[in-house]
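Got some structures for you, see below.
Common to both upcoming complexes is subunit A, partnered first by subunit B, then by subunit C.
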Partner chain A sequence: MAAKGLDHIAGAACENKLFEPADSVEYIQHHLSNLTLGKLPYDTEVWTCNKDTAVWDAPAIIPMDTWTFAHGPTQAVDMGFWAFHVDSLGWSVFLGLVFVGLFRWGIPKLSSSSEAPSGLQNFIEMCVEFVNENVQSIFTSAKNNLIGPMALTVLVWVFLMNLMDLIPVDYLPRLSQYAGIEYFKVVPTTDPNITLGMALAVFILIIFYSIKIKGLKGFLAELTLHPFGKYLMPVNLILEGVNLIAKPISLGLRLFGNLYAGEMIFILIALMLTFSSISVGLLGVGLHLIWALFHILILALQAFIFMVLTIVYLAMAHETEDH
Partner chain B sequence: MNINATLLGQTVAFVIFIAICWKYVWPPIIAIMEEREKRIADGLEAAKKADDSLEEAQLAFDQEMNKAKAEAAEILEKANARASQIVNDATSKAETEAEKILTSASKTIENDVNKAKEELRHKMSELIIETSEKILGEEITPDKHQELLAKAASEL
Partner chain C sequence: MEQSLIYIASGLMIGLGAVGAAIGVGVLGGKFLEGAARQPELIPMLRTQLFIVMGLVDAVPMIGVGLGLYLMFAA
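The block that comes next holds the complex of A and B.
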């Protein structure tokens, strides 16, 4: 399979210089590409830059499946399902650790808690109280002590991931290029894998608690005996099945869509700065500021919505009465 | 924007972070908040108790104060009564004394008067006898004299 999109010519100069987009499309495409680690199939053409002669060698067809980083979106697609977006996952895990670290070591030990709380501790307690209030207002009858920690994780973690959107779009990708990394997306929640991955975990929990609370029979009854009674079981199953599947899909895609759109607008505004015109550049700076200010609202709101919907879906899984 | 194993990786990461939060992050925060809640509740209760005992103490103080005032008034009254009694006693004593003195004085005076009267009588008898002697020209013996005198005195 040819490496489409990489118009290398054997023998052409290939200094290991920084990526310079040829046009707007390439610029945007570069910003939307993840750093993908995966297995390239055995017949892929691979171009290598000869360091001694500084020209492209003739493309080699790799003899066997090889784990490597994808050069360009086409190779990323070629890698198929078993590939990882190292940048999304890396930032996601890093921010998760930031959350855990902040909330674990931001509060004093119980024995030394006699003083009035200050600064960070106040903030942490405020978050926890906020989450607790939300959980308690939605979980009125059933009790589950996993929901609170989960909601807190969702709120803070998703918010931190969203917050990466406020870093100007070119900063970190540019820095990573100096470190020799070709693609670098910094906002995990603009990657549908990340948002749908979390939605999948929520979905698994929904099914787990549905079966745990109502029993397998009760869960299946809920899926098949509503809304038309037992003689229209297939219709019921389709309706309730769609209802069930729609929960995680909408949960993941809502967050992804909002953040992806916001990121896209940041990229388009950043594109204005690549034009060699001062007035367009200044306009771009102004627009960036306005959009960033507005976006703060969206970031927090989407994190909150994700949390509330997670709680609501799990509360529905705990509901035992017929509806 | 491919859907790939990143999704599963994120699912695993999500579950792990939930577990970490559930086990290690959430409990200490809740514990610290509950502990403070309890401490504040205890403090409020203690304040209320202190308030109550203050009120009680105030009440007891007022009672004691009233009692002391009543006692003081009583003592004062007693003292007044005693003082007036002392004065009365002194007055009556003085009066009795004065009366006594007066009585004895008047007795003395009466005695003196009686004495003087006796003397006067005596002198008068002597004078009468002397005169009578002169008139009669007769010596009156001392015995006769004494007899006459006594007779005259008893007649007078």
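The block that comes next holds the complex of A and C.
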């Protein structure tokens, strides 16, 4: 196996300075790269910057599999399956904790309920009522106490993750570079691993409740007997199977695609600020504002759609009447 | 040559996606107004449904825009 690594030149100057993109392609690539923790396979060339002489040392070939952070997209690809996007994971967990903490802290104890509720409590009650209304209108016949809290979590969590998109694209990555972190992607929902992971959880719940409510036999019957009757079982299975698989994939990719596109446009607008021209820069600021205002709609809408579809899919899993 | 093909490809992606979404949202909005005119008391319910379907219609061309811009500027 040929050793792969970054294309540096041994003896060329290197400094541990901040990342300065050479052109727009490099700038965009840098913004789209995750902070990846993974296992480098043993044959990989690793370049290190010699701090004393400030030149690249000749590459060392690592003798065994090593867990490390990727320096650049090539290394991230080399890591293969066992690679974690630490920034996406960290932000999503952090925002999940923000959601739980905010809602726990905002709900006062029962004893003080005689007073008029404050702003945050009003907001939380509004969220809960809104979700409750949606769940009630979709879950008409079946009853499941898990769905409401889950829908609230999905709505607020996805919305918070989407909201990170409104932070100007260079702020947090640049700050993290001062802290010595090379790559830093802030919006977890622009990472397909996060959105498809959530969609996979929904998929598992769909199958779990289908089997729990209808029994294994009922679930299989739904997959094989539905559109054309029992004599065309394979055709039914293909149609219903595609239907089933398409649910989590479209759910995850829809959220990812919207946020990715929005982030991409933010990055492209941010590129305008790198030209050394005041008028282009001002135009960039204006475009930032316009796109951010429009994007707020998409952020909230996509979080809402993710929640509604989650409820709808689970309601379909609860339907017991024969077709 | 290759680069110009990429530009044409992303232009097609964004343009055709926009045409599709425009037709879809146009039909959707028209039907919403029709329904609202017939039964104004249903407007809140219809508006919620309108936004759900608009998000669904909007998603695919939006993904196209993202991929198209990626092709044009970063690939």
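In this text, the second predicted complex is superposed on the first by the 316 of 323 C-alpha atoms of A that agree within 3 Å, B and C clash if a C-alpha of one lies under 4 Å from a C-alpha of the other, contacts with A are read in each partner's own complex, and residues count from 1 in each chain.
FYI, a contact is a pair of C-beta atoms (placed from the backbone, for glycine too) under 8 Å apart; a residue touches a chain by one contact, two chains touch by 3 or more.
Just so we're clear, the structure is a prediction, and the values are computed from it rather than from any experiment.
K.L.:
Here subunit A is shared; do subunit B and subunit C fit on it together or clash?
P.N.:
With subunit A aligned, subunit B clears subunit C, so fit.
K.L.:
Scan A:Ser24 for contacts with subunit B and subunit C and give back first, second, both or neither.
P.N.:
Touch status of A:Ser24: second partner only.
K.L.:
Tell me the contact category for A:Gly197 with respect to subunit B and subunit C: first, second, both or neither.
P.N.:
first
K.L.:
Pick one for A:Leu253: touches subunit B only (first), subunit C only (second), both, or neither.
P.N.:
Touch partner of A:Leu253: subunit C, not subunit B.
K.L.:
Classify the contacts of A:Phe84 with the two partner chains as first (subunit B alone), second (subunit C alone), both, or neither.
P.N.:
first
K.L.:
Quick one: classify A:Gly148 as touching subunit B (first), subunit C (second), both or neither.
P.N.:
In the superposition, A:Gly148 contacts subunit B only.
K.L.:
With both complexes overlaid on chain A, does A:Ile213 touch subunit B (first), subunit C (second), both or neither?
P.N.:
neither
K.L.:
If you count the residues of subunit A that each partner touches, which comes out higher, subunit B or subunit C?
P.N.:
Comparing subunit B with subunit C, the partner touching more subunit A residues is B.
K.L.:
After superposition on the shared chain, which partner residues are touched by A:Leu32: those of subunit B (first), subunit C (second), both, or neither?
P.N.:
In the superposed model, A:Leu32 contacts both subunit B and subunit C.
K.L.:
Could you look at A:Arg104 and tell me whether it touches subunit B, subunit C, both or neither (first, second, both, neither)?
P.N.:
first
K.L.:
To the nearest 10 degrees, give me the subunit B-subunit A-subunit C angle using C-alpha centres.
P.N.:
The three centres form an angle at subunit A of 80 degrees.
K.L.:
Could you grab the smallest C-alpha gap between subunit B and subunit C in the overlay, to the nearest Å?
P.N.:
Taking the overlay as described at the top, subunit B lies 12 Å from subunit C at its nearest C-alpha.
K.L.:
State which residues of subunit A lie in both footprints, the one left by subunit B and the one left by subunit C.
P.N.:
In subunit A, residues 32 are touched by subunit B and also by subunit C.
K.L.:
Within their complex, state which residues of subunit B touch subunit A.
P.N.:
Its residues touching subunit A are 1-11, 13-15, 17-18, 20-22, 24-26, 28-33, 35-36, 39.
K.L.:
Where on subunit C is subunit A touching in the complex?
P.N.:
51-52, 54-56, 58-60, 62-63, 65-67, 69-70, 73-74
K.L.:
How about subunit A: which of its residues touch subunit C in the complex?
P.N.:
24-25, 28-29, 32, 253-254, 257-258, 260-262, 264-265, 268, 271, 298, 301-302, 304-305, 308
K.L.:
What does subunit A use to touch subunit B in their complex?
P.N.:
32, 34, 36, 38, 76-77, 79-85, 88-89, 92-93, 96, 99-100, 103-104, 107-108, 110, 113-114, 117, 124-125, 128-129, 145-146, 148-150, 152-153, 157, 188, 191-194, 196-198, 200-201, 204
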